[in-house]
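In order of appearance the chains are A, B, C, D and E, and numbering begins at 1 in each one.
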Amino acid sequence: MSRGISASAPVILFVILLAICWEALATIFHIPHYIIPKLSGVFISIGENWELLAKHCGVTLGESLLGLGISVVWGTIAAIWMDSSSLAKRTIYPLIVMSQTIPMIALSPIMVMWFGYEIWSKVAVVVLFTFFPIVVNTADGFRTADLDIGELMRTMGTRKRDLFLKWKIPAALPGFFTGIKMAAAFSVVGATLGEWLGGEAGLGMYTKRASNMLRGEEVFSGVLLLSAMGILLFLAVQGVERVTLSYRKNAKS
Amino acid sequence: MNGVVTKQQTPALSVRGLTYSFPGERPLFDDLSFDIQEGEFVSLLAASGMGKTTLFRLLAGLIDSPKGEIVASGRQISLTEAASKGAQIGYMPQKDCLMPWRTVLDNAALGLELNGTSKRVARMRVMEQLPLVGLEGTEHKYPHELSGGMRQRVSFLRSLLGGADVLLLDEPFSALDAMTRINMQEWLLQVWEQHRKTIVFVTHDVDEALLLSDRVLVAAISPVTVLEEIIVPIPRPRKYETVMDAEFIGLKRQVLSLISRTQHRSGLEGESL
Amino acid sequence: TSSSKESSNAELTDLTVLLDWYPNAVHTFLYAAQAQGYFKEAGLNVKLQTPADTNDAIKLVATGKADLAFSYQMQVAVSRSEDIPIVSVAAIVRHPLNQLFALDSAEMNSPKDLIGKRIGYPSSPMDEAIVNTMVRAEGGDPAKLNYVDVGWDLIPSMTTKKVDAIIGGFVNHEKLLLEKEGEKLQTFDPAEYGVPDYYELVLAASEEGLRNKGDAIKKFLQAATKGQEYTAQHPDESLQVLLDKQDKEFPLDPEIERKSLEVLLPLMDAGAEPFGSQTEASWNSAIDWLTNHQLMKKEIKANEAFRNL
Amino acid sequence: MSRGISASAPVILFVILLAICWEALATIFHIPHYIIPKLSGVFISIGENWELLAKHCGVTLGESLLGLGISVVWGTIAAIWMDSSSLAKRTIYPLIVMSQTIPMIALSPIMVMWFGYEIWSKVAVVVLFTFFPIVVNTADGFRTADLDIGELMRTMGTRKRDLFLKWKIPAALPGFFTGIKMAAAFSVVGATLGEWLGGEAGLGMYTKRASNMLRGEEVFSGVLLLSAMGILLFLAVQGVERVTLSYRKNAKS
Amino acid sequence: MNGVVTKQQTPALSVRGLTYSFPGERPLFDDLSFDIQEGEFVSLLAASGMGKTTLFRLLAGLIDSPKGEIVASGRQISLTEAASKGAQIGYMPQKDCLMPWRTVLDNAALGLELNGTSKRVARMRVMEQLPLVGLEGTEHKYPHELSGGMRQRVSFLRSLLGGADVLLLDEPFSALDAMTRINMQEWLLQVWEQHRKTIVFVTHDVDEALLLSDRVLVAAISPVTVLEEIIVPIPRPRKYETVMDAEFIGLKRQVLSLISRTQHRSGLEGESL
């Protein structure tokens, strides 16, 4: 534990430095508060609205987690499928790449038509944001699994299921976690964007309305919380990764 | 027991007209045929790079050969079948191929696990055997914490515990010191005799080949069209002093003369260093 | 109120209304009508929804995903020329809110002074056409104008001096916000510089919706009219309803909304005509103007674009 | 070459199928053209406006490439830095993750204030979109370089520079390319979004204007071209990867 | 030349009071001291897992030992210095450690390249030497296309061409057949004599150790506190028939008796198989 703290000391220091710079520069250069508010103002705003913010936080977190969960499940399935069939790989992979090249906001009426104004349109956007990194990295993990181990297992008459469970999956886990970590960071942005496409609640809606009202402090309190949420999700996944892949930690020391 | 007895049984492995080359390379095998009888202990000797490992991979169904036929226990071996055919063949690869995410215990237990043995029982069986390969106390280490010889022993243990009747061992003891090697040889023979396994054994150590095997097969000329056969009629149990016997030395000379025909830039035995 | 009892056992008709933006002063009459029970009395269950933008709203109404949407007169006209079958059923704000803003410090006397300066606008060719018309009306050459598409950030683009003037801001919102920040603004009303005095905000329904739910929509408008009357008489109480409702999601600025409503009420007043009524003349002039500026893909008939229910 | 064609046959077939479905479903189910226009209509629109589209394509492509280039250079430098100093790693990495969790549209006024309405604000958004995958994947490549090879080189008295050039870089190349491939797909979306934040030209602006004018066919012709551009960039990087990492292709066959 | 001559020179490698254990493990070395003279050919014999590879990594400056001192050519070896000190030590690791992205040619040329030799010259020199290790014609192959023994030879060639004066060879010939091995030994001795290298050689083959070395160092008991020394007074050039000489057999018996003291579950020589 104390080791974790000393390891993160540099970044904590750096963040504090950043915060001081922010406050100082905003004060010195008289930047309009609706463009960059003072950090102190942002914290005051958080303090004043914390009940409301907590509610919106919950909504956005729910959307992010739901979308992330769906992406993890389907992304893994897609990666497995791509790994097991080169036909699937050559068909799905380009489609997934394609899905990432489409500027999604252009399609917002379609999203709303299909998924309505309920939580599902936001979840759909989160899935669109998080599916790709999970599939790509997991598929990469599968692809780089040591073929010699696979061959050895085949000579042992291993069934496909066991090949997967005992060879491919452990080999792909590092990539899988890299993918989920990236996806965790993206999920919150996805949820925010989803809320921008139309929503009654969530931090995305909160920041959008605040921005329309020129309330810089509230915009930034939303942004700060969204960013914190993304980072916490990232760290949570990293924690799970550390536990799961403990053998790797040893390998590096 | 000796080679003559086992000759009368059906072949455990039968290779007919095998021809193989890697894409764009010179052929390694050309119309090669040979049999391994059930319960036989056969050593394979050939210079480095002549195709021993490739032959094993063909026998294990890991490469499909477009020409020729390989039959194991009466069943044709092919790439597509390999995965489904059950652990007919226990292959110990030249590289150790340990899983970096498994401990020694779990690496060695892999074969058992895949056979359907419960994890608990598999681990117990491995724990029993670990002292026999001199790895007691290392059960919770990961492969990167082992020495080269220790990794090889884990890999060896894994193959032996796999339960297959035909074992293909690719230089299983190359990284072991003389003493440890003797222990491994002993134990291997014990397993072989008790469980009536068929063993094909690749080694570069002529003494080892002669001491362990019923027959020694030598590939001298590349591409390999024929495996020269030397039957080792020395009765079992054999002793290490045997290497000093005239009969043994005669056999050894025979093997070495076969090997030295290898089309290879070769020094002759007895040449000055 | 007493009337709610009678209708509570009757079957209510669902009606989804898409707002043009998040709920604000311009929607006060709807919230007032809701609070006073006018919708329920009319047998309606009204649901107010905020879409991403009015383009989405129109499409959703056209496809029957919603019954009514706030839109703009110009947008309805353009939609019809794109074969999107929507019809304006009420003019909510009867005059342009979208005006040309410049900082006082820019010292402009007329839109003509914009020549050589930079004008920020939010990615809409319509806004360009408005300024072009205004400049031409003053005898300037629109070809000499510098337009900068500033996307969503109208106000920051002007206050950080990236542009000298903006079009696309509303007098009941952006102007008030800027004044609250202490910026002095000059505003130019397009209607005074050659642009037709168009309806800024209208309520649109689809042709199909009018056929199937025409009655409900009519009832809705009647209830909304009562809501507007109530709002005109009790602006503070009505506004409070809106503010209270929004507090649970995102608190509005009561001061801004109060001023906004003050600006809006006269612009929403139809005088002798009933609330929301539209004239063919207004539609004709808007359509003509759009056609002259090549903003219409094909000709449309004014009398099909709107309907007074 | 002919092998490449046969390998991509499934996806080409699939795309053709998709196109046919699009056209057929739009016709059969009478999907309103302003939600999803018929594909034929989109192509007609492209045909009518191709000169304009070509110009806008060029602008967006320029922004994407510039941003991608900057990300490749700085992303690689950041990855190298993170690899060579654990302090840098513990400081930069969290910051980069943070940068991905910030819903960028909320900060568009800042982008505009800093970068103006010229090409640089768009490039900045592209960089924000593409920096992350490049850093993460390249750093991952560095991290998974075979330590034994590094040790061996150290015993040869290898200087730091050579350790990098001859060990770390070749080892990281696969990850580097994975990162650039992802970044290539993202870059176009980034440029589009950048144009939405304000711009005079580019396909993003084209689609946004078309969308404001409710011209479905034009919106979709923009989206189609953007997507095609993203895919082509992706394929271009893949092509470079194939040539550079030819040794890997052999390793798999 | 023989061991006695080299004894008078300054030590090429000097180890004093070396104590080392992996974190959380039993110690491998405890207060170990020994010297390797300049120009000497010394073999190191120890059971698998006793720490030969670890010792080499310590000598090469790849692990820092908190206790004890290692001096190579008069310079203290430490982890931080290792990278900057230039190719003083040529280490051939037990694993081949070939770069998968380099061909045989470029893998073997690595050491030369790092010494500042131009790529063209380095490649030319490798091309000259490839036939000596029996790898002519494989220069454009990638490591995964090689057999185990071929990989080992590429690694060996790379170490030899590195140009270091002190060579640490960790089981360099374990994967080679007898004939190829003899060629390699021959060539190694040639290089050693011509270029006056200092060689420390790990092998599990007692014959090989005795045939090649001036001295054989044996580690018998773990943790290693002392290396037993056996001087091989057989004059050079030596012949392979020497293994039959009484003197040789005596030395071999001596070595084996040292080894068999290893605290290890050990079979005795001559035990029945």
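The working rule: contacts are C-beta pairs under 8 Å (C-beta built on N, C-alpha and C of every residue); 3 or more make two chains touch, one makes a residue touch a chain.
Composition by chain, UniProt nomenclature: A, B, D, E = Hydroxymethylpyrimidine ABC transporter.
For clarity, every value in this text was computed on a predicted model and none was experimentally measured.
Visitor: Given the touch definition stated above, what is the smallest step count connecting chain B to chain C?
Guide: Shortest path length, in steps: 2.
Visitor: Just grab the chain with the largest centre-to-centre distance to chain B, centres being mean Cα coordinates.
Guide: C
Visitor: More C-beta pairs touching across which pair, C-D or A-C?
Guide: C-D
Visitor: So the centre of each chain is just the mean of its C-alpha atoms; given that, what is the distance between chain B and chain E in Å?
Guide: Centre separation, chain B to chain E: 27 Å.
Visitor: Determine the centre-to-centre distance between chain A and chain B, using the mean Cα coordinates as centres, and give it in whole Å.
Guide: 50
Visitor: Quick one: chain C and chain E, Cα centre-to-centre, how many Å?
Guide: About 86 Å separates the centre of chain C from that of chain E.
Visitor: Hunt down the residues of chain D that sit against at least two other chains at once, touch-wise.
Guide: Each of 35, 105, 109, 113, 196, 208, 211 in chain D touches at least two other chains.
Visitor: In chain E, which residues are in touch with two or more of the other chains?
Guide: 95, 145
Visitor: Hey, what residues on chain C touch two or more of the other chains?
Guide: 55, 59, 63, 152, 156, 160 - these are the residues of chain C that touch more than one other chain.
Visitor: Please list each pair of chains that are touching.
Guide: So the chains that touch one another pair up as A-B, A-C, A-D, B-E, C-D, D-E.
Visitor: Could you please specify the touching residues of chain A with respect to chain B in the complex?
Guide: 146, 148-149, 151-160, 162-163, 166-167, 170-171, 173, 245, 247-248, 250-251
Visitor: Mind listing the chain D positions that touch chain A in their complex?
Guide: That would be residues 7-8, 10-11, 14-15, 35-36, 87, 90-91, 94-95, 97-98, 100-107, 109-110, 113, 132-133, 136, 140, 147, 178, 182, 185-186, 188-189, 192-193, 196, 204, 207-208, 211, 219, 222-223, 226-231, 234, 252 of chain D.
Visitor: What residues of chain E sit close enough to touch chain B in their complex?
Guide: So the residues of chain E in touch with chain B come to 22, 45-49, 51-54, 94-95, 131-132, 134, 145-150, 153, 171, 174-183, 185-186, 189, 204-206, 211-212, 236-241, 256, 259-260, 262, 264-267, 269-273.
Visitor: In their complex, what parts of chain C are in touch with chain A?
Guide: Per the touch definition, chain C meets chain A at residues 21-22, 49-52, 55-56, 59-60, 63, 65, 152, 155-156, 159-160, 177, 180-181, 248-253, 256.
Visitor: Can you list the residues on chain D that touch chain C in the complex?
Guide: Contact set of chain D toward chain C: 32-35, 105, 108-109, 112-113, 116-117, 196-200, 205, 208-209, 211-216.
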